[in-house]
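Below are structures written as structure tokens.
What follows is subunit A paired twice: with subunit B in the first complex and subunit C in the second.
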Partner chain A sequence: MLELIREGVPLFFSAQALLLTSLGVAAGLVIGVLPGLGPLMGIVLMLPVAFHLPPVPAMGMLIAIYIGGSAGGSISAILLRIPGTPLAAATLFDGYPMAQKGRAQDAVGLAVSASAIGGLIGGLILLFFSPILADFALRFAPPEYAAMAILGLLTISLVSEGSPLKGMLSGGLGLVLAMVGTDEFTNAYRFTFGNFNLSSGPHLVAVVVGLFALSEVVFQIEGGGFLKRPSIDRLGISLKGLRLILSHKLNLLRSALIGTFFGAIPGAGGDVSAFISYATAKRLAREEEGYGDGAPGGVVATEAANNGTCGGALIPSLSLGIPGDASTAVLLGALFLLGFFPGPDLFQNTPEIAGGIFLAYLTSNVVLLVLGLLLAPFFGSVLRIPKAWLLPIVLLLSTLGTYALQNSVFDLWVMLVFGVVGYVLRRASYPLAPIIIGMILGPVLENNFRRALLLSRDGLSIFIERPISATILAVDALLLIAIVISTIRRSISPRASASDPV
Partner chain B sequence: MKTIKMLAGALVCATLALPGAAQQFPERNIENIYPWAPGATMAASQVIADAMGQELGVNISVVSTPGAAGTKAFETALSRPADGYTIFDGYVAPLVLQPMQGNADWTYEDFTPLWSATSNSFAIVVREGEDRFEDLPALIAYAQENPGELRYSPGVAGGLPHMVGAKVLQTSDAVAQLVPYPEIDVAIRDLRSGILDFMIINPGVYTVNKDEVDVLAVLSELEDASETYDGAPRVQDFGIDLGMSGLAPMGWNWWLVREDTPEDVVATLREAMGAALNDEEVQQRLLDMGYVPTLYSPEQYAEIVGPVADDLQSGIDAVAWEEEQLQSLDN
Partner chain C sequence: MRNLQTYAFDWIAWMLFAAIPVAIFWQSATSLAEQGVASGGPMRNAAIYPKAVAVIMIGLLVLNGLRVALARVAEPSPPTWDEGTGKAVLTTGLFIAYLVALPFIGFHIASPVISAVLFVLLGIRPLVAVAGGVALSLSVAFVFEGLLNVVLPVGIFGISLFS
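Entry: the complex of A and B
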């Protein structure tokens, strides 16, 4: 554990990595504050830039955006009653009433402090558990990897928004996209239609930018209100939030642990953990604390949880290569494109990269605390930027970034096509994250399955003769049954499922 | 608002003014289109790119463009203008092998060569402390007695290491089950855990995993090659004929530009690359990474690359032979 950190120090403590991490947090905060644009959008927009950087500064920047973005959403929730990101949806329960009572400054200070400290707690758990999990996964061979890939696909479909069935269909689409390109076993071309641009499949980043960024822009345009500038209380720079949080130590720790736990379950995500943590804090609170009516504890509970989730979500991502949520799926994609395969090998062969990523995560949270408190007055102004300015900027960044990936106009077409696909799928309430997971896990699943069969001396029995593979497959079967049952339930009583928060 | 307009105006003026500036090549950064995923081998190209960039006073970035056994990189570079700002990192697979197998419609003669870059030889390795086979003959004897029983990986199927490996097996009439891995680092892990019995690896992978593997034999007749693997024996030291000579059983790359690139641009690039490769510090850095600078000049291109093509045919045949043997075992 300390070994990893030691290896990572020289790579991370460079001017470039530190600067990019700090900028990442600032950019993440801004993009999180802006309603509709979450950490995922921030990561997506900066992905093409990261592609041209050395691995640790690149991952540092992306992870910093992830952290900053997860915290930034709370500020618009508190000031405007509009959560900047779904992660902050639970924050407005108490954050907005606090602002109404003239305590906006305190609420923002608390939110930022709770996010940073919650994130740090998540980071320590990440630091402790990832190497252990990775060490265990060293015993993994092709059959286990195939089984794990199925696990990742099933969990993301089970817990993503909308019905699990739609999640599985989206995941299936991702698997189909993953098949485009050159077959790694025979070098035969598949679904390339004679176009060399497709010989290694559509570029993951072009697909991600199209699916998430372009479709979001269309949704925002449909929402209207291009020139609306909300009126907001002025915020100042204050360290009071840090002092206030000291009276919520227990709540803070509990919420961060809840967040980390739910983050570590693939697919659960920050919004779920924030709601659960809020509910727990409310149940354990005394009546006079007035939860739902401007209780500082409510802000602490949700914000500590949703940033703790970031650390948690990175645990299975880094140690097993199974992403915890959509943002970590894209982070994994980035790591993959930078030439590192997430999983035990990352810890074994390139501990300096794994260590550098951990340091970037921990540092991001510290930077978040400093910048979050210092930049508070600035966020008010950010919130006053009208959509008419914002959306063209998003479009410009998407286009420039995607083109710069390989200086390829073809990638722009890919982006455009997936922008349309993303829009249509979201209209029909299909979740998008499983597509990305499918694209990442598709080759893992297919190649390890085929490899396992080549290694096996007795056909499919290799999957059940090995205890770890058999166990994971059993879990896969249980998940599949859960998906079937939940789908049947939904079709029997459609109304009950509509209010389902997950 | 006013400032932004002024800035935009200044930017437009600056852009318009650019073509009027000096027309000396190179006036902007150059890209080397590298055909594989990032890794140790790409680092070797980056060493040369950095040194050559210094000579030219611009930055040369190595752009990883993997796909289709290396041909995607060639297609990408071919789609760029012939202005010398795009260099092909001409690895043997996309340059010679893929066209031979009918997967690309160019030959090595369709490019203008700069200098040759590096070569790297392959080696047969088993896991560290393997007690079933103490040397290459023992491994081959086992594979002869138990056809298809051993599992081995040369990384990707049909690549150069695979051909050389298959050639050795064919020469000794031994059969082992091929298990392809696109990432050779992953294969090393499975070798370590006992799932694979042996592997064909390159110097980059060897340097990183020295403690995990024992080298049984180096697959090259060249003296230098043995040094790369810390003095391990070569195939011929066991009296086994590799059936391939010179550069044929090795991975190598030759930097190229498009055929119709202006002569003065080619001359500038050649001079810079020659100077970079002849720098002793650059050579030492490459050697430390397991890559031997080959130092063939542009004039030697046809003479060196031509014969390789013929020798490689026997490697292609060996892979076909292996496939046949494995299929007959299945039945």
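Entry: the complex of A and C
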């Protein structure tokens, strides 16, 4: 564990990496504060910039946006009763009532401090467990990797918001998109329809930007209210939040652990962990603490959990290559495109990159604490920026960022097509995250599936002859049964399980 | 007919997904067969895995089609016309025009124009919108062209400001 950190120090402690990590946290906070955007959008918008940077500063910047964005959503939840991101939905239960009672400054201070400390606790667990899990994964051969890829797809389908059946279809679309281009084994062109631009497949980033950023711009324009400026309490710089949090030590630790645990389960995500953590804190609290009526403990519980989730989500992502949520799926995509493969290889062959990523994660949380408290007065101003200014900026950044990937106008058309696809799928309540996870896990699944068949003397039996592969496939089968039961239940009483997609 | 309208977006999405297995089997029988990679062992058969995914997707599509046809999905998805739908359609149209024009007139002409038009469309006063469009376009160009050395589309006028 310390060896990894030692390896990462020279790469991470450079002026460029530190500056980009700090800028990433600040950008993440701003984008998280703005309702409708969030850490995923921040990562998506800055992904093209990352490709022009060395690997550790690039990953540092993206991880910092992930951390900052996950915390930023709480600020609009507290000040406006509108969570900046779904992760902060539970924060408004007590954050907004605190603001209504004239304690907005305390609530924001508590949210930022709890996020940073929760994130640090998640980071320490990440640092401890990732190498162990990666070490275990050294025993994996093609059948195990194929079974793990199926596990990743099934879990994201099961726990994504909306119907698991629709989640599986979205995952299937991702798998198919990953097939487009040149087949690795035969060098044949697959599903390119004679278009040479598709010989390497659609670019992952163009697909991500289209699905998430472009469809979001259209949704926001449909929503109207372009010139609305909310009235917001003025915030100052105060360290009181940091002092206040000391009286919630146990709640903080417990919530961060809950967040990390749920983060490590692929697909569970920060919003689930925040609600569970809030419910646990409320159940264990004394009645006079007034949960739901402006209890500081409620803000601590949700924010420590949703940032703890970030560390947890990176555990399976880095050690097994199985993303924990949509944001980590895009982070994994960035790592792939920078030329590094998550899993045991990352720890064995390039420990300096793994160490640099860990350091970036830990440092981002420290920077979050400092910037979150210092920039508090600035957040109110950000929230007053009308949508009429923001949406064209997001559109132009998406366009230029996507173009810059390969200096290709074709990528912009890919982005547009997936913007339309993303819009249609969101209107039909399909989750989008499984598409990205399918695109990332697709090559892992296909290559290992075909390699396993080659190794096998008896067709598919290789998958059940090997104990680890058989165990993972048994878990896959259980998840499939859970999906079938959930689908039947939702079909019997569909209204009861209504929810919005990602 | 009423079901089609109530679940309009579900049906559009269903057709989108249904096109995938069709394309996979069609390409396997044509393009992949012509390249000689649609049969044989796992390393020589580039169609084996796509076909397996297509079969699974057909199963899922049948199930989901039944759910939508029997109105057993959680949320209806009818076409709606909200406050900003007209503007959203117009923005999409403008963006398509921008993508068509970009290689011909270049980034430094196309981008300030589309940004300013969008600002006006969303309610910003014209003069402020033009200034905002130019400022936005110049600042992102400075970052990408000047700092990241990206070659932006120069168009027939060959305009490049920061490289």
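Throughout what follows, the second predicted complex is superposed on the first by the 498 of 502 C-alpha atoms of A that agree within 3 Å, B and C clash if a C-alpha of one lies under 4 Å from a C-alpha of the other, contacts with A are read in each partner's own complex, and residues count from 1 in each chain.
Just so it is clear, a contact is a pair of C-beta atoms (placed from the backbone, for glycine too) under 8 Å apart; a residue touches a chain by one contact, two chains touch by 3 or more.
Quick caveat, the model's predicted, so the values are computed rather than measured.
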{"item": "First, second, both or neither for A:173, with subunit B first and subunit C second", "value": "second"}
{"item": "Which of subunit B and subunit C A:13 touches, first, second, both or neither", "value": "neither"}
{"item": "Which of subunit B and subunit C A:136 touches, first, second, both or neither", "value": "neither"}
{"item": "Larger contact residue set on subunit A - subunit B or subunit C", "value": "C"}
{"item": "Partner chain in contact with A:128 - subunit B first, subunit C second, else both or neither", "value": "neither"}
{"item": "Contacts of A:217 with subunit B and subunit C, given as first, second, both or neither", "value": "second"}
{"item": "Touching partner for A:338 - first (subunit B), second (subunit C), both, neither", "value": "first"}
{"item": "Contacts of A:406 with subunit B and subunit C, given as first, second, both or neither", "value": "first"}
{"item": "Overlap of the subunit B and subunit C footprints on subunit A, listed as residue numbers", "value": "185-186, 189, 451, 454"}
{"item": "Subunit A residues within the subunit B interface of the complex", "value": "138-139, 141-142, 181-182, 184-187, 189, 196, 199-201, 338-339, 341, 344-345, 348-349, 406, 408, 443, 447, 451, 454-455"}
{"item": "Contact footprint of subunit A on subunit C as seen in their complex", "value": "9-10, 12-13, 16-17, 20, 23-24, 27, 31-32, 35-37, 41-44, 46, 48-50, 53, 56-57, 60-61, 63-64, 67, 70-75, 77, 82-85, 87-88, 91-92, 95-96, 98-99, 102-103, 107, 111, 114-115, 118-119, 122-124, 132-133, 136-137, 140-141, 143-144, 148-153"}
{"item": "Footprint of subunit C on subunit A - complex, ascending", "value": "49, 52, 162-163, 165-166, 168-169, 172-173, 175-176, 179, 183, 185-186, 188-191, 217-218, 221-227, 386-389, 391-393, 395-397, 399-401, 403-404, 407, 409, 412-413, 416, 420-421, 424-425, 427-430, 445-446, 449-451, 453-454, 487, 490-492, 494-495, 497-499"}
{"item": "Of all residues in subunit B, those that touch subunit A in their complex", "value": "37-39, 42, 63-69, 71-72, 75-76, 103, 151, 156-158, 177-183, 185-186, 189-190, 193, 195-196, 208"}
